[in-house]
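So that you can tell them apart, the chains are marked A, B, C, D and E in the order they are listed, and the count of residues begins at 1 in each.
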Amino acid sequence: MIPPAAFLLLSAVLFSLGVLAFFVKKDLLTQFMAVEVMLNASNLAFLAMAKASGQAAGQVIVLFVITVAAAEAVIGLAIIVLIFRQRRTIRTDELKDLRG
Amino acid sequence: MVRYFWLIPLLPGASALLLLLLGPRLSRRWISWQACLTVFLSFALSLAGFVHLVRAGHGSSGLAKTLLPWIASGSFSAAISFAFDELAAVMALVVTGVGLLIHVYSVGYMAADRAYSRYFAYLNLFTFFMLVLVLASDIVLMFVGWEGVGLCSYLLIGFWFERPAASKAGMKAFIVNRIGDAAFIVGVLFLLVNVGSSSFAAINAAPAAGVLGPGLVTLVAILLFVGATGKSAQIPLYVWLPDAMEGPTPVSALIHAATMVTAGVYMVCRLSGLFAASQAASSVVAWVGGLTAVFAATIALVQHDIKRVLAYSTISQIGYMFLGCGVGAYAAGMFHLVTHAFFKSLLFLAAGSVIHALGGEQDMRRMGGLKKALPTTFPVFLVGALAIAGVPFLSGFFSKDAILTSAFAGGHYVLYALGLSGAVLTALYMFRLIYMTFYGQTRATHPAGTAPHVHESPPVMTVPLVVLAVFSALAGFAGLPVLLGEKANWIGGFLEAVLEPAAHHLALSTEVGLILAATAAALAGIAMAFVFYRKRPDLPERTARSFPGIYRLLVGKYYVDEAYDAVVVRPLVRGAETVYARFDLGVIDGALDGSAAAAASAGKGLNVLQSGLVRDYALAFLLGAILFLGVLLL
Amino acid sequence: MGFPPPIPPSVLALAPLLALVAGALLVLLLEAFLKRKDGELPAFVAVFALLASAFFTVVSWNVGNSGVYLHGRLLVDNLALLVTGVLVLAGIAVILMSLKYAAHQDMNLGQLCGLLLLAVAGAMIMVSSSDGLVVFLGLEVLSVASYAMSGLKRQDRASSEAAAKYFLMGSFAGAFFVFGLALVFGTSGSLDLTAGLSAGASLSAFPAAGAVGLGLILTALFFKIAVAPFHMWAPDVYEGAPTPVTVFLTIVPKAAGLAVLLRVLLPLLSGETAAAAVFTPALSVAAVLTMFAGNLAALRQKSVKRMLAYSSIAHAGYLLVAIVAGDAPSLVFYLLVYLFMNGGAFAVLVAMSGRGFERASLGDFAGLGRRHPGLAASLSIFLLSLAGFPPTAGFLAKFYVFGAAVREGHILLAVAAVLASLIAVAYYLKIIVVMYMQDAEAAAAFDRDDPALFLVIFLGLLGVLQLGLWPGNALSLIRAAFNAF
Amino acid sequence: MRDSDFGLTLAAGKTKYRGKFHGLGYLRYPVALCIGSVLAMILSRNQAHNALFLVLAFSCLGGLFGLLDAPFAAAAQVLVYAGAIMVLFLFAIMMFNLREPAPRERRTLRTFLAAILGLVLFAELAIAAVRAIAPGSVSPGEPDGLAGLGRLLFTDYLYAFEITSLLILAALVGALALAGKKEGG
Amino acid sequence: MSAMLSGLPLVSIVTFLPLAGAVLLVFFRRGSARAVRATALGVSLLTFVLSLLLFFAYDGASGLPELVERSSWLRGGIDYHVGVDGISLFLVLLAALMTPLALLSSWRAVDDRIKEFSFFMLLLETGMIGVFVSLNLFLFYVFWEAMLIPMYFLIGIWGGRRRIYATTKFVLFTMFGSLLMLVAIFVLQAAYSRAMGSPSLTIADLAAVPLSPALQSWLFLAFGLAFAIKIPLFPLHTWLPDAHVEAPTAGSVLLAAVLLKMGAYGFLRLGLPLFPAAAASFAPALSILAVVGIIYGGLMALVQKDMKSLVAYSSVSHMGLIMLAVFSLNFEATEGAIYQMLNHGLSTGALFLCVGILYERTHTRLIADYGGAAARMPVFAGLFLVAMLSSAGLPGLNGFVGEFLCFFGIFAANKTLAVLSVSTVVLSAAYLLWLYRRVMHGPLKDPADRRLRDLDGRELACLVPLVVLMLFMGLFPGTFLRKMDSSVARYVESLRSKAPVVTALELPGRPGAEATALAEPER
């Protein structure tokens, strides 16, 4: 029997890797993908928790989170498209008109 | 009529107010009459009161009147209340009498001045404050008069304010006086807090009643006396008086010779109970007086400005008065005050007549030979000079003798010697003045090169001179030496009701000896002047050349002004300037502006952090999250 | 309450939300099918929906409708209703401000109104639930709509940059929320943010995982409220977003986030619990950081809009003080006042804009006191209120918040807060200096035919003065709601 | 093996406790694959590859979900995430024509800091994760099955479910507003 | 009189009439300068007349606040609670008197944005009066802070070249102090409701809160800082010269005449009564600062090149004396301090008016640019002189009475400090006379300068009332002191009863001091 804590730990690893990816990546799209990793890590955590406490709710929550991720992806891609149309680039570091 | 004695100060006061408000619209004639008449009425009232007191004799309680409950707060109270006793009567008579004459004289002297009404307003105002000072029955009210006369002195010295020297002299007078007044205030505070009353009666009774300890009495007396040195131009605060000669000459006569400057003496006499209770304070008074008497006289020897000679003479003579008070002879001090008021105002007015005659010339080196040209002025000037020199049977002789005798009788032989040598000097500088001014050839020059038209003054000026001359000659008989009988010193007896009596009595022979010595001193001085300035006019210069150091010192007035400037005024102003620049603008404002700048640069730093890069924002986010979680985990 | 409620409580509880959603759908349909795109009809519909929502909120309040509905996912209580009121008012203000602005700036008013209604709905969902998942979903609705609104000036580089930054950072923060929620869920076995944790908090040792979970959730909320150091997106986004949207962003997410924060933390912070010992100092530090970061950075701004953006960060710090003090009435009052003064100030900024341009730099305000005395005076009053000068409402709001902090023993926090507001005075006054004490180089004429906007400014003034001088009604309402004082 | 030891084990790395890693049994392959593909995604500089690595990672996660008795979640994960969302991303990448790889990353202070902070964050999360489930509290309940899940979704979570519709509406309207075709030009 | 007035909320009317006037002004047309000026002046004059009614209606027998109006405003102890007592009455009068004069003085000097100017002046008046009549701490603070706004605008819009620096410094500096005071108010409020069970911010109630010594000290420091900045106490004074120099004449007049008094008033009304023990323990330190301020201000005044900053530093010096008197904690000093506050208001107000009159003619405030003005402006010279002498404390004028009472009280409390403080007698004479000499005396700087015409009717109307009052207050201080007596007695009594540290002024028993002093003949 694999202890749920192991999954939880894995989710922590994935979450941290997602955070790291967010910093390492240079364009809006990939950075958002990093956020997706973080969300997935959360999902894993939810399921591990649900498993540990024997609640089915965990699974339901995962569905919601996936929906949220999808919604975010929609709006995110729209924004990225907008940016790309204006600047012909989606490099995040180019976004520095607003500063100071 | 005597019931209305409180009108004595108020009449000139009202006149002053009227003149200040309406002055420019009134005719000169009206102004002259109003100003003189009100002072005359005051004089008449004073005379009536005086007669009343004389008639009532010893044991009369004097007159008192409270006009207003002035300041009352907690345990502090001071009322506007006047009292008219023997001392006040004598002083009031001097103030109103001499004041009246000088008012009259001024009508002629100032006839051509543009600010005629202002002049008389100030003069009346001065009379008002002086009389408040004299009649005040409590020390706070006296201080009102005390400061008020200072103000008038300021106003009148700076009467011709367009002249920088006059304006400066007025300011100097006021500020130097204020230095004395600060000490005076402290003294008054001691009295108020410790005696619990501001009335003179209570204060004079306090040492005897044990309310004031001996140490405190000395302290208070000295503090008050410091105030007096300011007002009465004694060492070390005399420096303003010579400069005060920038004012119109009648003002010099009234304020800076006859009345205001003697207020210090009057005050000491007023508080004779306090001063007498402290041997130490009395010694200080006596020594300061004695030293000033000689010190000022030596400076007077070498002055060329006729008014300045008289100014130093005034300082010197007031020194005598303090000497008298200091050795316990308050009545003698007052007596000298009275006689001095006559002859010194006479001298000033006569000098004014001379200046008037010469069209404003004050330098004696450009005078000479005026004896003939000024047939009235010369004799009265001579009378005044003889009186101040102490030539027998003139007023100055008796009053000065009374002081010197008291000093000797009190065992203050050094002081006596000082006084005697001062007497020699007095005679010397006075006759130096006489010879330089009235004798010899005229040295007057005129811009056009011709001799100026020297003319005698109009009667409105000469009549007061004559009156004063008569008094200068005869006033001495009010206080004949005691050796002529118990009642001979009438003024002493009269004032005894108020003042502490002089304690010592001398043997007849000693007293005669002292009189002779004084006479000899006066004659010696006159003789020296005759030799130096009449017989051998080259001698002064040669003497000066043989003692160049001393001569320079004297001409430089001992460089006291310069010393004050270098030691007090300049460092103060320079220091303040430095502190203003370094501390006020530098440190305090610097700290304020610095903290503002620090905030601004902190803002700038934050703006740099706000780089516009999402990566940096996320980094801050992450950092915050880690710290926050860390705190929660700990 | 003399009449039996005509609507069942659960429906009534949902009614404000439903009104908004219905309104949003209607607006979007109108937008999609109407021929004239520049008409103001969608805006009127949206305002109507907001008013309806407000009406239902008031009805809910009046009938004392409070309770838990929909399996505990919907919580209607006084905090929810009050904050809903603030949210709705903010929504109305934003729409009224946008009428002309949208046309001038080439924005689609219908889409703006639809998104705005959805965003307000999201915020409303957030504040009327203690369920972590619902709060998260509400937050996401709010966020997604906000991202879109920020970028609505499609031709404007700044606007889309704001949207991108907001989106990127927002989704990043959102992930923290979810992970936190997972941990909380795991520790307490429940999604409820208050019940499970307050039970845990009463234990002597605060459970570490729960704490971290809560910490992660709070982090996301801090982000939304723009608490330092999670605030750094805010100035850029506030500056780049269309001005009415900035008004929205500075008020609505803050209000919603704070309400949730309050709901979550209030049980933890009251009393001498272990949680209080941890959270109080942490929150205090965050509050101080926020106040100073906002105010200090604002000092050197050349753009009034950005200055006000920083100012709104600083105000988040003051609001956090109310949280630390655990004083709900002062928090809500501050929010209400903040709505008026901040909204008013930005409204003046909107009034400065015209067809195709915005005037937001300090120089643009030079001599405004002479050219447009009414506008300048209004902005001055708003700024003075933001600075906390009596007798404006801003003062009273600060008075209650800082007073509550002191009452709860956080004196140093109060001292820091007043010092921070001193710094704030410096830059608020700078704007006034420019308006009144400098002369304009060029007097540009601008459109003064915007009655809706001037209505907003007027109402803002009214609110700022009314709440400053006679706040009695509002205050007693709020106090009664929390049974405090 | 005690749960608390597990964290230590993993944290300490494989060198000392290599044997214990095998305690994961068959699970170690999907875990390794998952972590590996995320790492690959971090290291790769090609957006398309990134997306593909993520598809892989998410698929592995789907597998793990299944192991956690959440078959529906697993399915959704694979279908929605790996299938739909990531494809959308890939499509976007194509659309932007971002074929050339991102320029080589300079090791800046920021990246270094981010790595450090990421590590600290991981430590904190790990501590929380390890303490999240007290030993012995594991009480595997009966899996509800799909029907139960559906019931739950439409009773208990109805409100949340409805909110998601709002969310999607907002996202759609937003996307339309931002990226949609502009009327009249 | 009071029967006739009973029922009228006189205090509120006096307080808010200017505000009403200000609001009225908003509706005036832009161009109607004359009407605006006349209205503003009329309103402020009416306020002054009504404030005179206050004077007559105030009985002052009990020493408690009279003409009290109280109605609940907000919960938490915040009431609308106003009234006057012997300490505040005259400050209200002062504010009501100085405002019309200030308005009159700017009749010509301000010709830009007259409407706004008058608006802010009237607003300021409400603020000033409000501070003095507030009996509730909250209300006090509201007025205290609100007053900054009009002053900020007055300096910032109609001020001199460095007006923005000056006005920002003024506002930030004063706010720094008052914000800390705000925190202290919170602490006090909390302490009160904890101790008494129900909240109150009524000043009289708050004095009853038991506070630990340490807390009391902190609170006193917080309140004290606010007041000390306002006064301003050395070394917190540097905002004052800047503000004065840059402010328009009317602003300077009100700043000097009324605003500075608020600091001292704050100590009297709040600082000392609320925290008597702390006040007593800090009194030595604050007294020393006050003395330093007296001398420092005087010396700085001596070296100023600008007339206004000279008068400003003279204010530092004079307010130092007032502070010293306040901290002498006895009856005479307190009464003297209040009286001196009025005097300083009149004399410094008049001095600023004088400077303004000169500035209007020549547009320079540098002393060096003047000389011999007295020749062309004899009437002005006279009035200026009186104002100056009043400031220098010449006996017979008001300044003396206050100064002497202060000296007396200070002396009773601490002889050394009293002696040091007496130096102001010399210093004030020095800097003022020197100023006068340089400006008014000497030869005319520019004989052709025709600008120096003498005063016109309006300017006379500004200065003459002040000069008349100076004389009146110098001769009849009883009129004023009588109304203060019981309030001050009550105040001192409460201080002594609560802080045994306070040294009582022990005088050799002279029961019924006034009576005997009046009756006593000279011998």
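Everything below uses one rule, namely that contacts are C-beta pairs under 8 Å (C-beta built on N, C-alpha and C of every residue); 3 or more make two chains touch, one makes a residue touch a chain.
Quantities reported herein were computed from a predicted structural model and do not represent experimental measurements.
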Exercise for review: Tell me, please, which chain's centre (mean of its C-alpha atoms) is farthest from the centre of chain B?
Suggested key: D
Check your understanding: Looking at mean CA positions, which chain is nearest the middle of everything shown?
Key -> E
**Study point:** Comparison of A-B and A-D (more C-beta pairs in contact)
**Key:** A-D
Exercise for review: Report, in whole Å, the distance between the mean C-alpha point of chain D and the mean C-alpha point of chain E.
Suggested key: 71
Check your understanding: What whole-number Å value describes the gap between the mean CA coordinates of chain C and chain D?
Key -> 32
Practice item. Would you kindly tell me how far, in whole Å, the mean C-alpha position of chain C lies from that of chain B? Key: 78
Review point. Once you find the CA centre of chain A and the CA centre of chain C, what distance in Å lies between them?
Key: 26
Review point. Which chain A residues reach two or more other chains?
Key: 8, 11, 15, 18-19, 22-23, 31, 43, 45, 48-50, 52-53, 55, 57-58, 64, 68, 71-72, 75, 78-80, 82, 92, 95, 97-100
Study note, to complete from the structure: Residues of chain E that touch two or more other chains sit at 172
Revision key, fill the gap. Touching at least 2 other chains, the residues of chain D are 110, 114, 118, 121, 124-125, 127-129, 132-133, 156-157, 160, 164, 167, 170-171, 174-178
Revision key, fill the gap. The chain pairs that touch are A-B, A-C, A-D, B-C, B-D, B-E, C-D, C-E
Check your understanding: So in the complex, which bits of chain C are touching chain A?
Key -> 133, 136-137, 140, 144, 147-148, 151, 154, 157-158, 160-165, 167-168, 171-172, 174-176, 178-179, 181-183, 185-186, 189, 191, 235-237, 239-240, 301, 306
Exercise for review: Note which residues of chain B are touching chain A in the complex, please.
Suggested key: 607-608, 610-615, 618-619, 622
Point to revise | Touching residues on chain A, where the partner in the complex is chain D | key: 2-21, 23-27, 29-30, 33, 36-37, 40, 43-45, 47-60, 62-64, 66-75, 77-82, 84, 90-91
**Study point:** Residue numbers on chain E that touch chain C, as the complex places them
**Key:** 73-76, 113, 116, 138, 141-143, 145-146, 148-149, 152-153, 156-157, 163-164, 168, 171-172, 175-176, 179-180, 182-183, 186-187, 189-190, 193, 199
Exercise for review: Show which residues of chain C lie in contact with chain D when the two form their complex.
Suggested key: 21, 24-25, 28, 37, 70-71, 73-74, 108, 111-112, 114-115, 118-119, 121-122, 125, 131, 133-134, 137-138, 140-141, 144-145, 147-149, 151-152, 154, 160, 163, 179, 183, 186-187, 207-209, 211-213
